[in-house]
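Below: one structure in structure tokens.
Each chain carries a letter (A, B, C, D and E) given by its place in the written order, and its residues are counted from 1.
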Amino acid sequence: MIMHDLFLPTPLPLLSCGIAIMLGSIAWRRSIRRNLSIGLVTLLLALVSVGSHIGAAPVDGAALFLQDRWAVYTAGLVGFSALCILLMSWRDMSGPRADTGTGPHIGMRTDPRTDPSIGAPNATLNATPAGASSGTLDSTSIGDEYSLLVLLGTLGAFAMVYAANFMPFFLGLEILGISLPGLIAYRQGHAMQACEAAMKYLILSGVSSAILLFGIGLAYAATGSLRFGLPVAGNGIPPLVAMAATVMILAGMFFKLSAVPFHMWLPDVMQGAPVPVAAFMAVVSKIAIFSSLVRYFSMGHAPPFLDTLLYGVIVLTILVGNLLALRQTSLTRLMACSSIAHMGYLLIAFYSPGPLQPGTLGAYLAAYTASTLGVFAAINAFATPDGTDGTTILDWKGLFFSRPFLATAMALMLLSLAGIPPGIGFFAKFEIMATGMDHHRGLLLLVLVAGSIMGLYYYLNIIRLMMVPPSLPAIRRGPGASPELTALIIVLSMIVVVGGLFPAFIIHPLFPAYQPGPPPAAVPTQRLTPESM
Amino acid sequence: MAAFLIPLAVLCPLVASIILFTCARHLSTRGVGVVACGGVGLSALCCVILAAWLLARPVTEVLHVDLWTWMRAGGFSAHIAFMLDRISLLMILVVTIVGGLIHIYAMSYMRTDPALARFFACMTLFVAAMLVLVLASDLLCLFIGWEGVGLCSYLLIGFWHDNPANTAAARKAFYLTRIGDVAFLCALLLLATATGSLRIASEVGAAESGQVSHMVVNAATLCMVVAAFAKSAQIPFQAWLPDAMAGPTPTSALIHAATMVTAGVYLLARLHGLFALAPAVQALVAVMGVLTLLMAACTALVQSDLKRILAWSTISQLGYMYLALGCGIWQGALFHLMTHAFFKALLFLAAGSIILRAGHEQDIFRMNGLGRAMPGVTAAFVAGASALAGLPLVGAGFYSKEMILSGLWPARFMLAGHDIPAGPVLWGLGLLGAFLTALYIFRAVFVVFEGDSRTDPTGRTPAGMGIPLACLAVMSVFGGMVEMPDTLAPIHLFTAFLGLSPPQAHEPAWLVLAGALAPLSGLLAAWVLWGRTPRIMREMPGQASIIPLAGSTPRATDALYGLVFVRPLRVLLWFVRHDVAAYCLGRTGRLTRLASDRLELARRGMIGLVAGRTVMLTREGSILLGRMQDGRVRWYAAWIAAGLCAALATMVLP
Amino acid sequence: MSPLAALVLLPVLGGGLAWVLDHPRLGAALRLRDGAWRMSMLTLVLETALLALVTFRHPTPAGPWLAHFYRPWVPPLGIAVRLDMDGLSLALIWLSLVLSLACVGVATRQVTYHAGVFHCLLLATLGGIIGTFLATDLFLFFFFWELMLVPMFVLIAVWGHENRQYAAMKFLVFTQGSGLIMLLSILGLVIAHYRVTGVLTFDYFTLAATPLPPMSSMVLMTGFFIAFAVKLPAVPLHVWLPDAHTQAPTAASVLLAGILLKTGGYGMIRFNVMLFPDAAARLAPIAMGLGIAGILYGAWLSCNQRDLKRLIAYSSISHMGFVLLGIFSGSSMGVQGAVIQMLAHGLGTGALFLIAGAIGERMHTRDMQVIGGLWRVMPRLSGTGLFFAVASLGMPGLGNFAGEFLVLLAIWPVSPLMGALAAIGLVLASVYSLRMVNSIFLAAPRPEPIAGADFGARQMVVFACIMAFLVVLGLYPQPFMTFSTPSPLPVAAGAATRSNAP
Amino acid sequence: MHAPIPHALGLLCAATTLVGAMMVITRKVVVHAVLYLVVTLLALAVVLALLGAPFAAALEVIIYAGAIMVLFVFVVMMLNLGQADSARESEWMRPRAWLGPALLAALLCAELLYALPSLLAPLPPPFAGPATETPLPPAPPLFRLGVHDVGLSLFGPYVLMVELVSFLLLAGLVSAFHIGRRRAEER
Amino acid sequence: MPPLPPPPVASQALWAPALSFNESLVLAAVLFCIGLAGVLARRNLMFMLMSLDIMLNAAALVFVAAGARWHDAAGQVMFLMILALAAVETAVGLAIILCLHARGRPTLDGDSNNLLQG
């Protein structure tokens, strides 16, 4: 009927189709492997098609969706991350566990002493109807919604990334936000923790959604339009309404980004969540929301009345995130805190629009994505069926000697996060500093330096622990990670190293500012005027 | 040929030293001795040839050997360069010949020591360093030798390192001389900055032509005086030398008597042209010299350790030399330096023989009556003692001391425009010193050799020790006759050797007479006090009562050092025994951790926590509720709300 | 490939091969014992040969720069892989190689615990250091600057002594943190240049021509200065050093003291004094004050230590104080003196750490009061130790004195008081050096018998070489001084090379 | 300007809404709160209707006050709450516990009211921004938007959003299903 | 997004409102704050969920009022979306509440027995 004036980026219908097919498949016969495969294929297709769209882009720009370079880039990152996360959970969801008899476990710790709910796992297993393969898996009954929820969450993230209107943005956000409690609850063995994490997430995200919605409402009241962007107060409306709207929208976004003081939930929730889901929260949802944030302010041109707010939030985020991370003993918690800090670094780049900014944001997002995914993949690979869960830092003690490959990869990722060459994080942090320097964000950069030093401490603390020689002379070589995890880790390591050594190579195809040649002349020199110096 | 011989003279002992250091295990005791003595002997041979060569030339002839440019930077350049003139010729002869004799002596003396190779390595290295010192034509090059002899003295004093006292003495010596070295370095920097070079000749020339400001000359000479005093153990640096007797006796003979301590004298004599431009400094040198002379002589009078007596006498004799230098009689100082090298080496070596045969006993009061048991050594020691005391005609010291004393009489100081005729006073004090010298050395002679034999000396003094003793004894007796006062005989070989005109005899003849009588009266007094009734004096508790001040001097000095330097340094060291910066860092780290903890607490809901605790206390039995008060989700939500409020506030507020 | 790039890459590649060779199965297959060690030696020998080739290549290039390498890296940001070598870099690279050879030759064969990784990391550190000495693109410089720290961190953290983890952490946090401040300065400079000229570049020569207002050049230089002062170390920022040096394994201590500290001095010459001459002149009083403080404070603390390696570490602080003093003395003489001092200190202290390592290996302690006199049992080790202790106290005729004297001579016209204070450091130097000598070499031996042999011929050859270097440096430093004078910064020439390079 | 009676009705409904909301958050017994919530929602529905959105008002009554509240009641029944629970609730609701939240809420309210257009419309805005240079009309006109308008918009340009909302519902369904089933299984 | 409809005919569109735009905004703000206070003050998860619903309703009210102000149906479309969101949140929240209730937190206390904390 109105298809001709619809504009729809391809990943969205692709994902929808995937979800529909998956629902159909579940209805027909439950099989986790098939669901996972469908999910992987869908995500792969979506990833491939991030740049394409259905329908013609409306000329007046008043579309629900929009597909510019930035959206394509972040959508690519989102798709890639979701793919990685689904791959990461492949072993846990589908691996044969007849021999261990512990059921599917995602980053689980099946220590019967600590977990009261593990009382009768076998009874649970026997009670479930026989699954696809050997009849001992309960993964068919438990795990089949997993890929569905991942796909749904990814769909929400895509919707946010492409959104040009408050409505798809808000819906995407909520789809993502509603999928997450379900995903969080996948943590077997720690059912109470998972439930509690889900509860916390739901309540707090509800509050933040309400704030965001109220903000959007005010924006709508001020402008009479749902266009995704800074509201400009319309006829008869005092500008303060638009400003309040912006502040409230920002607060909602900051909650999802877990910027201080809206950060409280993240460590708890990530600790309670299964490892891949924690990765999903740390990467997919944050990239999506960050992408929207940048879009909202049209590449970070924040109005001046937000200066105090942004300054305060950035400083607090970096400092508090790093300070919190210093004391953590749980690895997922630590990653949560460090991700808070990384959001702070990203916000510096966000807050410094200019010729360097797109490259910086791209580089940093890519670095953050690859490194964080790598860390989580390593944690997941570390978790072995016999009960060691990689989420406690002390578990990693002496890993360099028992599983050198895994430890090296982990060290590489952590170094990249800490911003030490040769990881891509080094270049990314360098770019952030360059961008900030360009804007004379001296205070923020000093805070960044301080935060980086603290970060160095806790990242290297893990590396240090991994290098503590094992007390037992007999080195037990743990079972190798499953092939898909190994491959994933290798790919991520390659990205981290290659990106670190040849940053131009990674970023060049994405941003016109990165085309070779003498760029300075071509760069708009709005910031080169003497008075800005 | 000569240009080749100078480096060779330095190189011979150096190579010997390197061989001894590196091949210690492969050499027999004999081999070690051969290498060491061969090195020094060859060097002595070179020196003799050089002497023959140079003496055949006019007196003003100076042989310069520039080996290479050491460093050249900015406007400054320094060279590794040697020069041979009459002064350095005298010095190298003394060093190599006396040194050679001592080496020969040491071959026998140290025969049984397991670390013989190290000993000789240090000894030969010392000779090499000393030769560098006296031959250098560049002050920086001289500094190599200057520090080198210090290092060797450190190694040799602490040679028997199993005893911590020895190593402590060694370090004390090094530290004190190092202070002087720093002063020397400052002098070098001053001069180098002023002239851009450190050539001795050019320095003196520049100073005399007025290129160097008066201020710089004064400062530089003052620094050098400090350096020389430290090296020569003059007040206030006198403390290290007596302790340095902890080393083997040949070491004492070579380093702490004959050569190294005279390096300061040599330096001042070498730069006499420069010092002539700084009369105030010269006056200071003279005053300090005479003070040291008297103080050390008094101290020597109350010592009971044979080697310490000799050590204090060294300090005292060096005081003479500085007195002479301070009054501009640098040739007298050099003359005394030479004779002192002879007789002090003799005295030390003889003392070494005595100590060896007395079973390593050094207390003179425990070795009476050795005279009959070891007549040869006794004779040598007495010869040395009379030379030291300056007994007229039979002691080399008489002539050199006479030269100084007669030069003192007319001495005048030009201080701040005033002409102070200080000569007679100094002369009188010098004469007193001569009296004291005779007194204390013959005290030792009488106590050691006279009286009943208390100890039973064993063995015989081997020929390897006897021959050097004999040679040195001959030199001590006759070495002074190369220069005589006109009153006695017009022999002025020494001044001629230095290329100076013989001194004009202005002084009355009774000066010579007084100079001769003073030591004789000292001898008499010693005989009266110790020769006749050794027992009584020996039993007298604390000879310190005779000269109370002198008796307590060494202890007082040490105490003073302790009070002024060591104690504060120790205290300071104790205070900063930990790295302050590291401590501060630790505090910062703890603060950071604390902040992190606090944040964590805040996260858990500090307010809720506090409130909960209050509730728990006020209402009984609700521990559960108290724990429930630990704010969680609401607390998080409250943060969100608070953040929103703050955010809105930033917007609303201007 | 250009020799310069090969110089940087060769150690890294060799290290990788060493790692591979250490694999037990591979070693067994090749019938190779100590495969990693042999590979490292081979790498170092090759590297030395390469360096010799660069050094004695004919014809000598016309300018002061001996070799160049240029390859674009991140063109949009004006980042390039640019390596240039002048006499200063060459001298320091020679020092690095000599020391690495010494420490691989003497100290690392005993490492059996994951020897392959150990050698790989050692060589990687070396590669990073050489890169630091060569890089003339500021980004590249920073890249290497950071890169060399991680392997060193691992070396300390895994192979170090009892408190290694803490020391490693401290080391990395300090150096890395200061590095970030330097990065801020680099970026500030780049952006200032960009504002003026519109050209975004990290090229050293181009940036050297940036006209800067005095205030901002001061701020930028301070950023550089802090990073280098941490590395050097200057006094309030030295806190990491004693721990790191003490806890590091022998080879890492040698590298740390011998070369890593020199990157600080190198950076100060290359990036502080030459990039910001005016600001450096204004900072000079403070820097020189820090230098004096370092000389005295380091020596002072050194006097207080019982731990042998700690004593040497603090003495390093004292020696590097002279370097700081010389660099900021404002005269070429001072810089020359600082370079000589760096070379001499690298050799001397490196050797002392090797000896301390040898002692630790034999006695299993670093406590000087426990070690007791060694001369009777190990005369060669003790003699060597004595030599280097004497060198460390500034004996004329050895390298340290030449450096210290030149520095003092340069500082004297500026402020005789400072010169005198610095000279007092020499007294303290004698105190700590001789205290060390009298505690472990020339002292009463320990009652119980000592296990372990004296130095063998191989060790003695290595040490003899180092001694010979020190003596040559002390008695004939002139060629080094002439040679290693940092090339002046001809702005026009720099621009010319830039235009030629691509 | 306002018609007095509808305006009074509107104010009354608004007041009812607020009072109801206050009662919701202060009740001890969950069922009471649910009932007050229903009252609040009904009053709000009237407000919506008075604002010219009858469709929204109807949905509010049907879905919110109807369906969702039934869900609440259902859960309350399942939870099997008793006297002990209400006692605990009153235990938790001491004035001290209200102090912080009330302060925060009041502060936020004050800030929002400051930012929103004043109730006394003709007053000049606090900041004369560029967008408000034209004098404000005394009372802005409101428009009635019926089912027709909403339907056109919903299935016209926003049809994709309807699809997205369906996925939102699906996500909620799956999540709730998953969580709920886990409860059932592991009990 | 559709272009704004043409200005309506005054007689048909202009309608004397029972509540002015400003009043409804104020109502929404106060309602929002009451809901927020409820979330902050109550420890029972049920009450939290209800407070959340109040907040969402406040936001929905803004959209409706603004839609009437600008004569834009998108406001009511948004209202619908919020309604859906509220339903979904409530459903998931109640599921979690049941889950928690069944597993050892029968008091539904959001504060106590937390396993996840710093």
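As a convention for this text, contacts are C-beta pairs under 8 Å (C-beta built on N, C-alpha and C of every residue); 3 or more make two chains touch, one makes a residue touch a chain.
Here's who's who by UniProt: B = NADH-quinone oxidoreductase subunit L; C = NADH-quinone oxidoreductase subunit M; D = NADH-quinone oxidoreductase subunit J; E = NADH-quinone oxidoreductase subunit K.
Note that this is a predicted model, so its numbers are computed, not measured.
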| item | value |
| --- | --- |
| Any chain that touches subunit C and subunit B | A |
| Chain whose Cα mean lies nearest the overall Cα mean | C |
| Pair with more cross-chain C-beta pairs in contact, given A-B and A-D | A-D |
| For subunit B paired with subunit D, centre-to-centre distance based on mean C-alpha positions, whole Å | 98 |
| Intercentroid distance (Cα basis), subunit E paired with subunit C, Å | 66 |
| Chain centre separation (subunit D, subunit E; CA means) in Å | 4 |
| Subunit A, residues touching no fewer than two other chains | 64, 117, 167, 171, 174, 178, 181-182, 185, 191, 195, 198-200, 203, 207, 218, 234, 240, 243-244, 324, 327 |
| Contacts with two or more other chains, residues of subunit D listed in rising order | 100-101, 104-105, 108, 111-112, 114-117, 140, 156-158, 161, 165, 168, 171-172, 175-177, 179, 182, 186 |
| Sequence positions of subunit C contacting 2 or more other chains | none |
| Each pair of chains that touches, named by its two labels | A-B, A-C, A-D, A-E, B-C, B-D, B-E, D-E |
| Touching residues (chain side subunit B, partner subunit D) in the complex | 607, 611, 625, 634, 638, 641-642, 644-645, 648-649, 651-652 |
| Touching residues (chain side subunit D, partner subunit E) in the complex | 1-3, 6-7, 9-11, 14, 17-18, 21-22, 24-25, 27, 30, 33-34, 37, 40-41, 44, 47-48, 50-53, 55-56, 59-60, 63-64, 67-68, 71-72, 75-76, 78-79, 85, 88-89, 92-93, 97-98, 100-102, 104-106, 108-109, 112-113, 116-119, 121, 139-145, 149-150, 152-154, 156-158, 161, 165, 168-169, 171-173, 175-177, 179-180, 182-183, 186-187 |
| Subunit C-touching residues of subunit B, taken from the complex the two chains share | 21, 24-25, 68-74, 76, 80, 115, 118, 140, 143-144, 146-148, 151, 154-155, 158, 161-164, 167-168, 170-171, 174-175, 178-179, 181-182, 185-186, 189-190, 192-193, 572-573, 576-577, 579, 581-582, 585 |
| List of subunit A residues in touch with subunit C within their complex | 359, 400-401, 415, 420-422, 426, 430, 433-434, 437-438, 445-446, 448-449, 452-453, 456-457, 460-461, 463-464, 467-469, 502-504, 508, 513-521, 523, 525, 528, 533 |
| Footprint of subunit D on subunit A - complex, ascending | 2, 6, 8, 16, 19, 64, 117, 124, 127-128, 142, 145, 148-149, 152-153, 155-156, 159, 167-168, 171-172, 174-175, 178-179, 181-182, 185-186, 191, 195, 198, 218, 232-241, 243-244 |
